[in-house]
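One structure is given below, encoded as C-alpha cells.
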Amino acid sequence: MNIDWVFYFAALVAFIASIKVVTSANAIHALLYLVVSLLAVAFCFYLLGAPFAAGLEVIVYAGAILVLFVFAVMMFDLQGDNQPVLFQQSWLATWFGPLILTLTLAMLLAYILVTGATDSHIEVGVVSAKQVGIALYGPYLLAVEIASFLLLAGLLAGYHFAKSTSEGEHR
Amino acid sequence: MTALTLLPFFPLFSFLILIIFSKRLNWQLATVIALSGVGLSFLASVLLINDLYAVSQSSDISAGVRESLWTWFMLGEHEVQVAFFLDPLSAVMIAVVTGVGWLIHGFAAAYMREDENYSRFMAYMNLFICAMLILVLADNLVLLYLGWEGVGLCSFLLIGFWYQEPGNAIAARKAFIVTRIGDTLLALGLFYLFLETNTLNIQEILAQQDSSPLSSEAAWWIALLLLGGAVGKSAQLPLHTWLPDAMAGPTPVSALIHAATMVTAGVYLIARMQGVYLQAPDILNLVAWTGSLTLLIAGIAALAQEDIKRVLAYSTMSQIGYMMLGLGAGANVAAITHLMTHAFFKALLFLTAGAIILAAHHQQNIFHMGGLLKRMPLISILFVIGIAALIAFPGTSGFVSKEAIIGQLWQSPTAGPAFWWMAILGAFITSLYSFRLVFITFFGQYRGQHELHPQRHFLLLVPLCMLAVLAILGGYIPTNLEQVFVAVDAPDSQSPSWLHSVAIGLPLVAIVVAYVIYFPRANATEPVPGKGSLYRFSRNGLGFDATYDALLVKPFVKLAKLNRHDAIDLLVQLISWNAFTWNSAAKAIQSGRLRWYAATLGIGTIILLLGVML
Amino acid sequence: MILTNIIAILMLVALVSLIIGSKFSRSLPYLAAGSVVLCFFLLARFASNNHDIFHQAMPLLSVPWITSLGIDYATFIDSLSFILVALTLILALVCILVSVNEIQHHHNFYYFNLLTALAGIIGVFAAADLFLFFFFWEVMLLPMTALIAIWGHENRRYAAIKFFIFTQVSSLLMLVAIIIMAFIHQQQFGEISFNYFDWQRLNLSMPLQYWLMLGFFIAFAVKLPSFPFHTWLPDAHTQAPTAGSVLLAGVLLKTGAYGLMRFVLPLFEQATVEFAPIAIALGVISIIYGAVMAFAQSDFKRLVAYSSISHMGFVTLALFSFSSIAYHGAIVTIVAHGLSSAALFSMAGILYQRLHTRELSKMGGLFASAPRMGGMLLVFVAAAFGMPGLLNFVGEFMTLTGTFASHPVATVLAATAMIGSAIYGMYLFQGSFQGKPHAGVQIADLLAHEWLLCGLLFALLLYLGLFPQSLLMHFEAIYPAANITVTGGKL
Amino acid sequence: MIDIPITHVFMISALLFCVGFIGVLARRNTLFMLMSLEVMLNAVGLAFVGAGSLWQEADGQIMFILILTLAAAEVAIGLALLIRMQHQRHNVDVDGLSQLRG
C-alpha cells in the first residue's frame, strides 16, 4: 500500500498550521495552531521511521513546551495583537520586506535542493529507540552532558528573570 | 682693558644702572649717570683719537688700533671675534657719536625732565649710543651686525617711547620692520661675503681685495646686498619710508637718530667696505643714483610738510643722499666730512626745534607757530645758524663739506655732470624748503593758541650753543681720512669754470625765491599750507607709503589672515572627519532593533548561500 | 651610571609624589625642584670629572634586558646628549617654577606626570639601544598627553588626543623601521641587535635604506615639527598648561632634532643625501609658513607655537645641508630655541594667571603697570627674532652661513623669515604691552619665583649668546655626514 | 514504511523554516516571535530526522533531541524575559527594546 500521500498530507497540515501561527492575531489561537503543526510534524517523523523522535515531539514539544507557553500566556496575561495582523492598515509595510527576503531565501534553498538533488529515496526502515539510546549514551555522552548544563542554565535564568522583585524595579 | 675696549661699555654700564634702579633714581642722579656714561666715552674717544693721530704722524703706515676681547664663535676655520678696530674713519664716527650724542643727552635731560619714565628714557639713549659705538668700532662684520641690529632695536624703543599712543607704536614698528628688511639683505651679503672670502673680518676682506679680489659677479652681488642694508638704515630710496614716521618719538630721539647714530650707519658701512665697492663699479654707480634720487625726492617732499620735525626728517634723507652720492662718486672724504658736519647742524636743528616744541606745548605744526623770532630770539638765531649750515651758506661747516662733494662730482669716474646738476638742483630745493620753514616759523605773527613758555634750563641751552659753534666751525676739524680710502683716479677732464660760482650762488638765489613765495604767507593772519593735488602728493612723501601699503603690506596681511586657521590642519581634520563618518555609518547599522538584526542575519545567509552556489 | 641615576631619581621622586603627595601638595614643588637640582648637580660633577672624553661617545651602563632578542639596557653620553640633558634639567626647573601658582588640583599626579615625562626625555637622550630609545620615547609621550588632557585649557581633550595620535602614528613607523634594522643586523652579523653602535656597521642597500630613513624621518619630523606634520603643535601648545608648553617647546621638540642628528644622518648617509632636497624644501617651507602663520594669530601661545615651527625649520635646513658650520648652527638653534620658547611660554603663563586670557586683543598697554615684565618679554621676543648678542642669532647666523654655500636659494628664502620673525615679534610685544591700556587693567609685576625663572633664562640666553664657544667647543670631533659630499655617500 | 525522495523532505523543512522566519521578521509581538522560532527549530529538526532516516542512523534523531533541549531552554528563558518585559513595560513589543543601540 502506498501511503506516501499521508506524509505529504501531514506536511501540508504542518505548513498551513505554521502559517496560521505566524499570522493569527490571538495568542491562544496561535498556540493551538502551533500544537497542530507540531503534531503534524510528529506524524511526519513517525512516517520517516523515527518513532522515538515522534514520541518526543509529542511529549516534550506539544506536551511540555506548549503547556509552558499556555501557562505563561494565561497567568501573566500576555496579550496578542488586538487587531488582525495580516490586513491591518500598514500590512504592506510590515510584510513586504520580510516576504521578499524570505522568498529570496526560499528560492535559493529550493534551487540548491533541486540542482543538488540526489535521487536517493528514503529506505523503508525504522531507527529504533534502542539505537538512539545507545548512540546517545555512547559517542554523544559529552553532548548530553552539555545539553544538561544548558537546561540547568535555562532553568536558573528562567527563575531569575521571571522572579518578581517587589522592591525597586530597575529599568 | 684699554680705553678702546672700555669705550662702548661706558654707556652700557650707565644703561644697566639706569634700567635696574629705574624709578628709584631721582632726576639729578639719573642725569649724572646717563651723562657720565656717554661723557666718559667721549673723553676716551678724544684720548684715543689723540693717540691715533700721534701714531699716524710718527709712522707712514695707516694701520689702526685693534683690540680683541674674546672669540665669539667659529665659522669653520674662521674665528669671529669680539674685537674693536680704530682707524681715522671710525675715529671720526666715534667722535661724532659720543660728542654729539653727549650734547643731545644733555639736552634730553632737560627736555624729558617731567616725564615719569625719565630714567628709562635715558637708559635707552645710552643703549643706543652703546650699540652705535659697537657698530662703528666693530672689527668684523658680524659684530657690526650686532651694533646694526642693536641700533634698530633701540630706535624701536625710543620711537615708541610714548607707547600708549597707537600711532607711536605703529611708527616704531614700521621703523623696525623696514630697517629689518635692509638688515636681512645685509645678512645675506655677509653670507655671500663669507662664502667668497672665508672671513668676515673687515680688514682681512679689504686686504684680500689687493691680493686676490672678488670675482666681478660676486662683488656685484655682495655690494648690492650691502647697499640694501645701508639703504634700509640710512633711509634711502626705496626703504626710506620709516624715517618721517619716526618723528613720533621725543625730539631728542629724532636728533639722536638723525644726527649722531642710526642713519649714518649705512653711509659708514659703504665707506667702510669701499674696497669691495671698487670691485663693483656698477653698484658704486647705483649708490650714486640712489643718493641723488633720494636727495631730490626727499627735498620735494620736504617742501610740502607742515610738521617742523617732518621737514627736518626729509632734509635728513636729502642730506644722507648727498653723502651717498659722494661715496658713489668717489668723494669719500668729503662724504664722511659731510656726515660729521651734518651731525652738528642737524643735531642743532632738531634740538632747537625741540626747544620750540617744548615752549609751544608740543605744537609741531609750523602754521600754528610764526613770529618766534621776536618771542624766542636766542633759539631762533641758533635755528637759523643750523639752517645756514644746512643750505651750505658760505663760511659754515655745511658749506665746507657739501661744496667738497659737489665739487668732485663733475670729474668723478662713475658720475657725470648729470649728478652734478641733480646735486645743484637738490641744493636749490634745500634752500627753498629751509627758508620756507624759517619764514613761516619765525616771521609774521604768532598764531598758536597757547602762550609760549620758553625753557631756560642751562642743560637746554649749553648744548645748543656748543652745537651752534660746531655747526659753524665744524668743517675745519682735521679728520685725517685720506689714508683710509683708496684714492680714485679722476679722469683728467676739465670742469667748466662757472661750476663753482653756480654751486655757491644757487642756494642764495633760492633764498630770494623763498622770500618771494613764502614771506607774504608768513605775514598773512591765516596762512594756508597749500592746496592742489601736487601739494598733497608731495606732502604724503610722493606716494611711496601708499604704494607699499597697497602692494606689500595689505596683501601680506590679507594672505596671512586668510590662512589663519591653517589649511594644512584641514587635511588632518579630513582624516578625522572620515573616521567619524564611518563611525556613524556603522553606528546606524547597530540600531538595537531585534528584528532588524534578524533580517541582517537573513541577508547574511542569502549572501553566504549565493557564495556557496557561485 | 650617571644618566641612569638621574632617570632613577626622577622616577623615584615621581612615585613618591604620586603616593604620598596628596597630603603635602604645598611642598611638592620644593621636592620636585630639589630632585631636579640634585640631578643637575650630579650631571655637573660628572661633567667636570670627565672633561676630556666628551668628544667621543662614551658608553655608560649596559645590562642585558631581553636577552632572547638581544635587547640591552644600554646608555651612553656624548656632548650632544650632555647638552640636551642639561637643557632638559634647566627647563625642568622652569617648568616647576611656572607650575607653582598655576596648578590647582591633583598636585601629586601632576608632579608625577611632569617628572616621569622628564625621565622619559632624558632616557631618550641617553639610550644607546634602539629598543630602549623607543621605550623612553613612549614614556615621555604618555605623561605629556596626561598633562595636556588633565591640566590644560578649555579645548584640552581635543589637543591631547591630536598630540597623542600624531606622535603615536609616526612613532609606529619608526618602530617598524627599528625592527627591520634589527633583523637586517641579524642577516648580516648573525645575531639580532638593537644597539646603536652595532648598527653603524650595517651595510644597507639603497632603496631599503631610503625607506628605513623615511620611517625614522617621519617620526622625527612630526616631533620637530616640520611643515606638513605640524598641525598638532599649535593646538597642543595652546591648550597645554604652561609647564606643558615649556616642556613641549623646550625639549620635546628637541627630541625630534636629536633623532635626526643621532640616527637619520649617521645611519643612512646615502639616503639622506638623496633625500636632502626634499628635507631642505620642507625646512624652508616650515620657516616661512611658521612665520606667516605666527603673524596671523591672535592667541599669545598660538603665535609662539607657530614661531616654534619656523625656528625648528632652521634645524631641518641646517642638518640637511651637510655643512659643519650649519650643523653647529643647528645645535645652537636647538639650545637657543629651547630657552627662548620656554621663556615666551612662561611669559604667556604668567600673563594668563593675571589676565585669564591669551587673546592679544584683550591685552595691550601692560607696560604701564608691569614694566619689568615688559622688559623681559621684549628681551625674549628679541631673542626669538634673532637679536645679535642673544643665543638665537648665533644659531641662525651659523645655519644660514653654512647653508648658503650649497643652497643659496633656500638660504635667501629662509632669510626672509628674519623679516617675518621681526614682524610677528613686534606684533606680539606691541599687542600685549604697548598701545592704550584697557580701562582698569592693572597687573602685578613679576613675583620672586617668576623673576628667578626669567632671570635664569635671560642669563643663559645672554651668556651663551656672547660666549657660544662654551657650547660648541666640545663639537670638534663629531660632524656626522659633514665629510660626505653632496654628490654621493660613502656606500 | 514510505518511499519518498529525500529532497521532498528537505523542501518541506525549508518551507516550514521560511514560514517561521517570516514570523520572526514581521511580528513585533515577542510572544509570536518566540512561537515562530519554535516553528523554525522544528523545521530544522525535520531535516535532521529525514537525513537520519536516509542513512538509517541514529545521529539524526540525536540532533533532534539536542534541538529539543535547546528549544526547551530557549522557551524557558524567552518566556521569563517576556514576563519581565510585560511587568516593566506593560507590553511585549520587541521594537520598544532598542536601548542597546550602538
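Should a chain be cited, it is by its letter among A, B, C and D, assigned in written order, with residues numbered from 1 in that chain.
Just so we're on the same page, a residue touches a chain if its C-beta (ideal position, glycine included) is under 8 Å from a C-beta of that chain, and two chains touch if they have at least 3 such contacts.
Each chain and its UniProt protein: B = NADH-quinone oxidoreductase subunit L; C = NADH-quinone oxidoreductase subunit M; D = NADH-quinone oxidoreductase subunit K.
The model shown is predicted, which means the values in this text are computed figures rather than measured ones.
Asks: Work out which chains are contact partners of both chain A and chain C.
Replies: Per touch definition, common to chain A and chain C: B.
Asks: Where the centre of all protein Cα atoms falls, which chain's Cα centre is nearest to that point?
Replies: Per-chain C-alpha centroids ranked by distance to the global centroid put C first.
Asks: Could you please state the distance in Å, as a whole number, between where the Cα atoms of chain B are centred and where those of chain C are centred?
Replies: Spacing between the chain centres: roughly 38 Å.
Asks: Can you give the whole-Å distance between the Cα centres of chain B and chain D?
Replies: 96
Asks: Where the centres are mean C-alpha positions, what is the separation of chain A from chain B, in Å?
Replies: 101
Asks: How many angstrom lie between the CA centroids of chain A and chain D, rounded to a whole number?
Replies: Computed value for the inter-centroid distance: 5 Å.
Asks: Considering chain B alone, which of its residues make contact with at least two other chains?
Replies: Within chain B, the residues that touch at least two other chains are 599, 602.
Asks: If I count partner chains per residue in chain A, which residues reach a count of at least 2?
Replies: Counting only residues that touch two or more other chains, chain A contributes 97-98, 101-102, 105, 109.
Asks: Among the residues of chain C, which are close enough to touch at least two other chains?
Replies: none
Asks: Using the touch rule from the top of the page, what pairs of chains touch, sorted by label?
Replies: A-B, A-D, B-C, B-D
Asks: In their shared complex, at which residues does chain C touch chain B?
Replies: Counting only chain C, the residues touching chain B are 162, 227-228, 230-231, 234, 292-293, 295-297, 324-325, 328, 365, 367-368, 371, 375, 378, 382, 387-389, 393-394, 397-398, 400-401, 404-405, 408, 411-412, 415-416, 418-419, 422-423, 426-427, 430, 433-437, 466-469, 472.
Asks: Where on chain B is chain C touching in the complex?
Replies: Touch residues, chain B against chain C: 19, 22, 70-76, 82, 117, 120, 142, 145-146, 149-150, 153, 156-157, 160, 163-166, 169, 172-173, 176-177, 180-181, 183-184, 187-188, 190-192, 194-195, 556-557, 559-561, 563-564, 566, 568-569, 571-572.
Asks: Give every residue of chain A touching chain B within the complex, in rising order.
Replies: The contact residues of chain A facing chain B are 97-98, 101-102, 104-105, 108-109, 111-112.
Asks: Flag every residue of chain D that touches chain B in the complex, lowest number first.
Replies: These residues of chain D touch chain B: 21, 24-25, 28, 33, 94-95, 97-102.
Asks: Which positions of chain A touch chain D when the two form their complex?
Replies: Going by the criterion above, the answer is residues 2-4, 6-8, 11, 14-15, 18-19, 21-22, 27, 30-31, 34, 37-38, 41, 44-45, 47-50, 52-53, 56-57, 60-61, 64-65, 68-69, 72-73, 76-81, 85, 94-95, 97-99, 101-103, 105-106, 109-110, 113-114, 117-127, 131-132, 134-136, 140, 143, 147, 150-151, 153-155, 157-162, 164, 169, 171.
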